[in-house]
Every structure is written in structure tokens, then in C-alpha cells.
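Per-chain numbering from 1; labels A, B, C, D, E and F assigned in written order.
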Amino acid sequence: MTVPVGTVGVVVQNIERCDQQIIDGLADCGVATVHEAQGRKGLLAEYMRPIYSGARIAASAVTISAPPCDNWMIHVAIEQLKQGDILVLAPTSPSNAGYFGDLLATSAAVRGCKGLVINAGVRDVRDLTEMGFPVWSKTVFAQGTVKETLGSVNVPVVCAGALVNPGDVIVADDDGVCVVRREEAEDVLGKARAREANEAVKRARFEAGELGLDIYDMRGRLAAKGLTYV
Amino acid sequence: MTVPVGTVGVVVQNIERCDQQIIDGLADCGVATVHEAQGRKGLLAEYMRPIYSGARIAASAVTISAPPCDNWMIHVAIEQLKQGDILVLAPTSPSNAGYFGDLLATSAAVRGCKGLVINAGVRDVRDLTEMGFPVWSKTVFAQGTVKETLGSVNVPVVCAGALVNPGDVIVADDDGVCVVRREEAEDVLGKARAREANEAVKRARFEAGELGLDIYDMRGRLAAKGLTYV
Amino acid sequence: MTVPVGTVGVVVQNIERCDQQIIDGLADCGVATVHEAQGRKGLLAEYMRPIYSGARIAASAVTISAPPCDNWMIHVAIEQLKQGDILVLAPTSPSNAGYFGDLLATSAAVRGCKGLVINAGVRDVRDLTEMGFPVWSKTVFAQGTVKETLGSVNVPVVCAGALVNPGDVIVADDDGVCVVRREEAEDVLGKARAREANEAVKRARFEAGELGLDIYDMRGRLAAKGLTYV
Amino acid sequence: MTVPVGTVGVVVQNIERCDQQIIDGLADCGVATVHEAQGRKGLLAEYMRPIYSGARIAASAVTISAPPCDNWMIHVAIEQLKQGDILVLAPTSPSNAGYFGDLLATSAAVRGCKGLVINAGVRDVRDLTEMGFPVWSKTVFAQGTVKETLGSVNVPVVCAGALVNPGDVIVADDDGVCVVRREEAEDVLGKARAREANEAVKRARFEAGELGLDIYDMRGRLAAKGLTYV
Amino acid sequence: MTVPVGTVGVVVQNIERCDQQIIDGLADCGVATVHEAQGRKGLLAEYMRPIYSGARIAASAVTISAPPCDNWMIHVAIEQLKQGDILVLAPTSPSNAGYFGDLLATSAAVRGCKGLVINAGVRDVRDLTEMGFPVWSKTVFAQGTVKETLGSVNVPVVCAGALVNPGDVIVADDDGVCVVRREEAEDVLGKARAREANEAVKRARFEAGELGLDIYDMRGRLAAKGLTYV
Amino acid sequence: MTVPVGTVGVVVQNIERCDQQIIDGLADCGVATVHEAQGRKGLLAEYMRPIYSGARIAASAVTISAPPCDNWMIHVAIEQLKQGDILVLAPTSPSNAGYFGDLLATSAAVRGCKGLVINAGVRDVRDLTEMGFPVWSKTVFAQGTVKETLGSVNVPVVCAGALVNPGDVIVADDDGVCVVRREEAEDVLGKARAREANEAVKRARFEAGELGLDIYDMRGRLAAKGLTYV
């Protein structure tokens, strides 16, 4: 069932998810490669940074549209989590508040949640780091939230500049966060793997001292554009 | 003695400080819990970030009101430090300059200073990290400062959006920085410990797989607000 | 040969570089000291941050003036690298795109490149960290670039607010990035070493508990300015 | 026909548009009222500001997904304009470049275009102001663009944080920019007019000196929450 | 009666205000002069900008401490307004929401309110401009707010980096916003008028072609510092 | 005589300036056209905005390298002004302070100064607007400055990301600020006029309803790149 972006007060309980093998394959490829493989689309804004270095994951998005400074819907969303999901929270108005901390992470992790992407703040980051619960957020801020106003769960959201549908695949690592349409994930994985194979060949040539100018045969085109060596 | 915010050219030598046990107790609780326990007030702006991860401290504020790009008053303030204090510097006009580095940290640490909170820049961060001297700052920047214009020491300051009186308790960790009024610190500690005890119970329930929806008895109120499951 | 800032479509192949011993000496001193020693000039903007902590380098600048979101000129620049150089990329219009990743780093490292300073984005930061290839950048972003438009290599550039000529010495560490004119590098090194020697003496006095107020003989001047102790 | 967000290289020629009377009605109501009437959704980011004050328009969106710093697709989009449309340009990567100036405005205006919403830069703003061609943009910047890479026209775009489908109604005035789903526009207009009628009544009561506390009957609820008068 | 910064749920009904002649005098002097006259303190952050040019006012502050994205307390505050007051709203957590529009302005104006200073957003700016109701705000944004959570009225607040007590004098014009302690206002006015008189003399000399170098007798001190003419 | 960027304590008294007819010609063309004509270089950062709309000027740069929050050098620079010059101030460290107000403008205007470009703050903007003294600045802020530390006058400076040599031509209007090398100004003017002539022809064709797709013969190249109409 399809619900419009911005719908308030709805929880969609049954969403389709990708095959786990596709998701795992996308995690192996990482954000930069997946983003290139799908035609340079799907990146969230560059201000979305991990709370600690080294995590690289892919997971199915359980989306949360939340009012500013109100984290009530996270509790609602956690019930909808299945093993291998990731929470994706987009506030309906800009907020830096710390919507999420170690208690919510504990609850989410018990249900198999692999992390959180949030276009707002997060707190308890030392605990989250110790738990190995990765978060990509706009900021870190201890500011508390209220539980007063409804949002929605598993509706399409615009998060940090990217449209995320429930069930889309989120790929996240130290380079940022990328969303892959569920329907396109298998195709994107194929292209990403081809890209990786190609990069392995290129890497060997670079390591052997060849130049990109020659590997990619750029000299003629540069000269045609008028590049002058002095 | 009380001196107004913004007073220039004054050093207040005798300030009252909290009992050390209260301060240590607040350190144990950490920023997020203390901030909640005192009614969600007292947070400095979210751009105040630690130069390295993992430090969690509480200390009595020795405040510095300093002109932009002028660190002269830090030397004056260091003489006023007692064991267990923290320096809190607020420039009187926005500045990114690096007011503080490893020499000043050496001098402050000798006098028992536990760290620095500065709404401006800091430098020599590699040395400070090796020394284990924690700093929460607006930025890291090597830009030097001058010693030309007076400010004040131990007057009330507005630092990163929060009013800090000399002798107030500063709590700081990876989630940011929070100020607790000296007069309220004992009461806040009591509430923070109660909050921690409550969280320990909740954590066990979350770990056992219970949902926040049930632990906090939210389902009825959500339904009353009109939340619809589809 | 001198080429104006902003010249498009030119690669200067022979640039003068500093003596390696001078460069190594500047690396030992670090950004904060070198910046002070040359009269507080030469710092790049404070938003230029390292992708990992702990690197401290100095190297000769091979400069790149690149169109926004177009990394073609990096391939051209790599051919111009000599052992001990650093790439310095300034886009001709603001850009957050990820111009540089692990393949380019592999190629640059093979030719002896010590790192990258880029007033734009970088990606593959986990790989770069594992390689030990340091980068100071405005942001981390996976966004890809094109190879369509000419820029220049080894022309003067304005990078993050500082003028960088090819062959100038770049000093970079956790405090940021500083540029030293090639012609002034030997003189700056002398002043930086003198400053370090002086700081070692001061550090010993601070460690012994002396105050800056006394070490720098500030009390009289503070009193003359009207500082009042209450 | 529906094309996914992020599709590259496609021009959708036939899009559905709202009835002109509905569009005109939404213009009369303005951004703040329309945004409230549709449940507080649809606002573009607050950094989207008009180049001059006083314009208030509504129009059907002809969307442009454009590469960073490349305005080629605007020429393609202008051919798709019908009387009463507005151009909505979202770059695929953040850009401040000046994609649009007086020549393009001349061409668009000839075809009945009512303005431009662009999550990037605009230039020739003095000419545009004299022409009475309103633009809401992220910035004003003279930086030129290239014509090298394809984007798309009339595909869904995420512009300044909001999803915009071709044919959706854009309402824009001094308070910012709001998008109304084409399918919801008639319903939203009804609610907006009801809201306006209600506001007219309220305004008269405010002008007569009544307080919101009484008009909205807030005193009891405030007291129940614990508000104390001292 | 004094209430601490950050107190929640309190309305202080009787506040002291300055003599109207003093307030009017400060308005005549304007922000830059008043700020200088009181020792360069009291400025709110530079991002606080007027919604239209040309207003210059001074007024007694009726302060509002409001939760993020919740404008309930404005209704409470309006009841506390007396002729010649200004509303000063500081959110307890950063917010861009549009707390205030033409209906609230109508209500406030009826009670003699001279304007609004708000460290958040404002909307209906076209109407406010037509009404001649000046607002200095962090941003303009149509985003609506809720009425769910208590704040306080006439407690001290930190607004855009400055401490504002109820009854302090707010001076605001095209240069920004400055707060003057109520107790210091008469003294500051005296200094500001002296400064204005002095500036009138200086202006005449400048208009006659004299240089600041001579008027302020700077040449000797510049030479002593080592300024060299080449 | 040539002085390096960053030289402190020097006033260069004799600088070369462009022919006035060339300068006037560049003013007629405006920023966007001049920037394009010289190969899309020379723009200052997009945050440099005019304090009022409608000014369009060109003038010879008298440059000021000033310490942060210290406006002493402006007095020195004013003595160096000749009829038709513009002041260009670059702080040596980021600053928002209000370096310049109506008294300095009076003094500068008496000497024939046409305006100010400042990568910092300005104040007294209402007076400056009434005087018709245009300023392009990073911000408007009443914050005062000191007169303690030397800078330089008429040395090369990096201002808002662009290198400006004394005597270079500054072109500034509502689109921003552009610098033209003095040596290149005549050539750039020629190209700018050619560009204007060409634009006049294009404008007539656009007004007649022709499309850019046809005027610039783009259809074939778009098709070759794979653009698809659906």
C-alpha cells in the first residue's frame, strides 16, 4: 500500500523488503561504489556523519516521520522492526534535538535493528559506541524531546535531501549514507560488483605505477580541449 | 559578591564552589541525564564538541570573559584555579581563534584544572590529547591571539547560549556540555540518580524484549490521538 | 615561470621546491608553531579538517585549480608529482563533491605523494585511513565528479582563504593547515625552532608551577590597564 | 506516466496540471495559510528566499533535475512550459552556482512562466527585479555554469528538502515556498479558505482587544499544566 | 522578585520598567552608539536581522522562554504587555519555526507592543511590514508551531547569546539588537549622548577633509608600532 | 613595488590604477558579464552581499589587511585613497565585527571613495544607505573594534576567497563582487562588451519567442548524449 509523503498519523505494518543477499552485497560494496553504480543518485546530505568510524552496513529502511523535538514515533517504529532493518528518521521541521539514546538503541537492537539514520540529533553516543550500534546523524546533542504529537511510520520521507521509501535499502559507512530503491537494488548490486571488479584491475595498474592519464586514455581529449604544458 | 554579565576589568577571587561529592556524582550521571534531571535546561549549543572522545567530567566553573582574539585573561584566570575547577571562556564577540594550547594546559593542569570549555578555537590538540586534558570547543584552529585588552575573570558569562556563573558545575562528555546552578546542584544530583535507577530498570525490560509502547503504556494515548495502523 | 591565479588550461611542469631538510624541519614544528613563527599568516580556513587524527606532515605543494565537481585535473597533476609533494586542490567555485578516493590515492602514493589538501570533499575515507594517506578537506562526501572541463596544474591558487603557489611548503596536522612561502621557508624554520626552544623553557617553568602572569611579567601592564581584583 | 526520482536523461512532455481557479485561490491564501491547511507539510527549507519582496504566486511545477553547476536542462525545460507554470530546479549535488539570469527569464516569461524556485544560485537579480520575474533561491551568485551533462525535466525531484512532482502546485511569497500535491490541491484550497475566514473573525476580536487566552479558551488548560502567576 | 534563568511554568506579572524618556533617548541613539556607550556589551548575535529596513526602536523587554516549535507562551505574554513594551522570545532549544504572525501582531499591537525580537522564525512578514510591526529574527519561515508545553514569561532568558532580564531595555535598528540593563540605562544614555555629541564634532571635521590619522592623533603611535610607508 | 601577501606593517603609497574609461566600462557591464568575460574567475564568495539593492560600481582597489576586530588600518588606508577608489578589507582571521560605519564613510567619501568591500561586518547601515555609500560585506553587525595592532595597506590580500592586488578593478552590484586584474582589465572590457552585444541579439530572439534549444543549436548534442522525450 502506498501512502503519500507527509501523511500524519499512520503506521504501515507490512512493507516489502529486499532479499538479504542483495542487501549484504550492497554493504560489501560501500556507499561510494553503490552511489556511482546507480548513476550518482541517492546520497543523503554530506552533513550526515557517523558517530564512530569504521561501521559499514546495509539494511532495509523502517521510516519515521516525526514532529520537531518529539520522539514518540520511535517507540511506535521499533515494534515494526524486523531482523536486519535500520531506522530512518526525518523530522517534519528542522531539529537538532537528541531524539535517540541508549535505551531506545537497546530496544531496537533486541529486535535486530542494525542502526539509525536521523536528520536530527542523537545522544548517549559513548554508550552507543560501546554497544556497537551505529548512527548517522546531523549532530550530537543531549537536548531532550517530548512525546506529544503524532507522526507516521513506514511512509515515504524526505531525509537529508533524499527520498526514502519504507523497504528501500540504506547503505552507510564512513563516506555517508546512500539510499537504493528496493526495486532497483538487485540491478544496482550487479553494477556495483562490476564496478568493484573493474576497480581491482585499475588498482593493480595504479600500484604498478601507471598513470590515470594512460589507463583512461585521457591525453588526446585533454589536448583537444586545449591543455597546454609549459 | 555579584558582578553583572559583561563587566570588564574585574577579577573575582573568592567564589563559592559545590561540595566535591556532588560534583563527582554529577560526573557519573553524564550530560544527557543531568540535563533531563534539571528540567531540560542548561545545555550549551550543540556545536560545542570535545577534541577527543571518551572524557566525562564535572567541575566548578572559573569563568573568563575575553575580548575577541585576545587570550590575556586566561593567564589571569589560571591563578584563580583551585583543584577540581574547569575554565569556561566566552569571547565578547564571536571568534574562532585558537586561544588555548599545550603551554596553558600545562599551567592549568599543574593547578588541578580538569579541562576547558571555550566558545572559540583551541590548538595543539594532539598534545592536549596526549596530556589527557579535555577541551570542548566551537572549533579547532591554530590562529594565534593577542594580549592587548582586558576582560574579566569569575563574572557571569553567556557561553554558547547558556548563562554560566562562577562556581556553577559544568558537566561535559561526548554528548556535549551542561551547566548546573551551584545552588541547585544537590537537588539535581538527587533527581539524576533517581533517573538513573529508573533507567536501569527500564534497560532490563528493554533487554528482555519488552516494547516502550508497553513499558510506558503508550498505546491508549496513541489511539486517542488517532494513530492508525494499516 | 609565473602564471596568474585563475589561469585555465595550463600545466606548469617545472616548479621549484624547498630543500628537503627545511621541509622536514617545518613538519617537526607543526602548524601552530610555524604559523606563529611567520607572523600569524598562512593559515587555511578552520573548516579544513583531517580525515583521521595524528598525522603531521610538511610537503611541497603541487597545486590544482579544478572546476566545480570535476576531478579531471587530478589525473593531470599526479604525473607532475615528485617524492615528497602534496596535492593542493582549490575548486574554482564552491563544491562539496568527493573529488578524491582510494584509487587516486594509490596512484599518488606510488609517486611519493604525502597527502592531499582539498577545499571540497573526499571519499573512501576508511580506505585512505588504512593506507595512511592523510587528507585535510572541507567535508567528506561520496558524491562523484565528472571529467569534462579543464583547470590548471601548478598555477597559484586561493585554497580555503590562503594563497598557495606551487612549490610552497604545506604544513598540516590536527590543528589544521598552514602554507609557507617557498622563499621564506628557511627563515621561518629558524624562527620556528627558536620558538620551540623558548617554549621548552617555558614549559619547564609552567610544570614547576610558575604562572604566566610572572613568567611573562604581565602584572604591571594589567594593573596599568585597570584590572581590579575583588 | 511516472518516472522515479533521480532518473537521468528523460523529458516528460505531458504532465497534468491543476485547474487554474484552484491555483489562483491558493495564491490568494499564501504560504503560511496553505501550509497550515494541508497539515503543516510541504514547506521547502527556510533558506529559500525571494530575490525581492512582495511577490505572492501560485503555479504548476515544471521540474528540473540538474547536475551541479550545469544549467543545460533549463533550456530543455523552457520548451515544456505552459502559461502559468513555474520552474523548479533541484541540483543533484549541492551547488551555489548562478544557473539562471535575465536571458533565460526573458525566454521563460515569453512562454508564460510565473517564476523560478531553485535550490542553488541565481544572477542578474537587478534585471529580474525590474522584469518582475520572481525567484526563490538558496543564494545569489554570479558564478557561471556549463552545459555538459544531462539531467531530466518533469521527473519528481527533492528540492530544498521537499518532494516536488511535476504538476504539483507551488505557492511562494515572502514567507517562503510550499508545495501542494496536485491531487490534494482542491481539498487544501477549501481548508485554506476556511482557515482564512476563521482568521478574519479572530482578527476582528484581537483588534477589539480580546486576548488569545480567552478567544482560544486557554486559561484552564494552562492552569492544569501547572502555569503559575507570581 | 527574581526567578532563575530556565525556570519553567512561571509568569511574573509585575516587572519594573525604565523611565520612558530614557527609553526614548536610547532609541534616538541607535544600536551601534548604545553598544559602544555601555562598553561594547549587550549585542545579540549578528544573525538577528530585521524583517524590513528602517525601523529604530527602544522598548522594555517582556521576555518569553518557549519550548522549541511551541508558541503557546506568546499568548500568555501578550496579556502582560504594557504600552511601550517589546516581546523577546528565546526558545529553550534551537528552532527555526515561525512562532509569530499577523494575528499575534494584531493582538500585541493593540496592547501597545512596539515589536518582537525572536531567536527563531517569524511568518506573515508581508502583513507585518504593512502593519509597521517590526521584528528582528533568526529567520523567516512559515513552519507552524504547537501549543502543548509550558514555558515562562518574564523570567531572565538567554536570547541569541545575550542575557535579557524582564524590564531591560531593548534597542533595535538595522544594525541589529542590543540589550541595556534596566539599572544601567540612565547611565548608558548619558554616555551615548556624549558619544553622539562627540561624533557630531568629528563628522564635521571629516566632512571638512581632515583625516582620522590627525583627528585622533594616530601617526606617532603607528610609527612607534613600526608602520612603514614605502 | 611588490609586497607578498600577508606582509604586516607596510603601507604602499604609490599604486598603479587602470584608466578610468576602462573602469567605467566594466561598471556598465556588471558582475555577471565581467566574470564570464574573463573566463569565470575572480568572484568573491557568494556570502558577500550589498547593504542595499541597486548599486553597480567599478573602482580601483585600495587594499587593507587588518587584524581580527581591529579597524586601525582603515584610517591609514583612507589617506591613500584617490578619486574613484574602493576600499577592500580582508581580516587576517575570520571576524564578524563592524569595522566600518558612517564616520569612516564620511571621511572616505570626501576623498572620492566609491564604496567598501569587506570580508567582515559593517554597521550604521541606515546612515550608509542614506549617504548612498555602498558596501558589500559578510555581515551587518554593530560590534565595535579596537585600534591596537598593525596590518598593512596596499598589499595583496585574499578577500572572501579571491586574491586582490592593489589597483585591481573591483566590480560590484546586486549579484556580488568580482575582481579584475589591472593588467587584464582592458582585455576583459573588450570581451565583456562583445558579450553584451551578443546578449542583446539573443535577448531579441528570446523576446520573439525563439528557444535556447534552437538559438544555441542544442538539440543534436542533447540527442547524442541520450536525452529521451517521453
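Couple of notes before you dig in:
Basically, a residue touches a chain if its C-beta (ideal position, glycine included) is under 8 Å from a C-beta of that chain, and two chains touch if they have at least 3 such contacts.
Because the structure is a prediction, the values reported are computed rather than measured.
Under the contact definition, chain D and chain F share the contacting chains C, E. Rounded to the nearest 5, the angle that brings the Cα atoms of chain E onto chain F is 120°. Taken over every residue number at the interface, the positions common to chain C and chain D amount to over half, indicating a same-residue contact. Rounded to whole angstrom, the centroid-to-centroid distance between chain A and chain E, based on C-alpha atoms, equals 42 Å. For the pair chain B and chain D, the distance between mean C-alpha positions equals 42 Å.
Rounded to a whole number, the gap between the C-alpha centres of chain A and chain B is 32 angstrom.
Contact with two or more other chains is made by residues 40, 43, 46, 93-94, 96, 143, 149 of chain C. Taken as a graph of touching chains, this assembly has some other topology, since it is neither a line, a ring, a star nor fully connected. Those chain pairs judged to touch are A-B, A-C, A-D, A-E, B-C, B-E, B-F, C-D, C-F, D-E, D-F, E-F. On chain B, the positions that touch chain F within their shared complex are 67-69, 93-97, 143, 146, 148-149.
Of all residues in chain F, only 4-6, 8, 38-43, 45-46, 92-94, 156, 158, 161-163, 181, 184 touch chain C in the complex they form. Of all residues in chain C, those touching chain A in their complex are 1, 3, 9-13, 52, 72, 74-76, 78-79, 96, 98, 101-104, 106-107, 110-111, 121, 123-126, 129, 139-144, 147, 149-150.
The part of chain D that touches chain E in the complex is made up of residues 30-32, 35-36, 40, 43, 46, 49, 53-54, 56, 173-176, 178, 199, 202-203, 206-207, 209-213, 216, 218, 222, 225-230.
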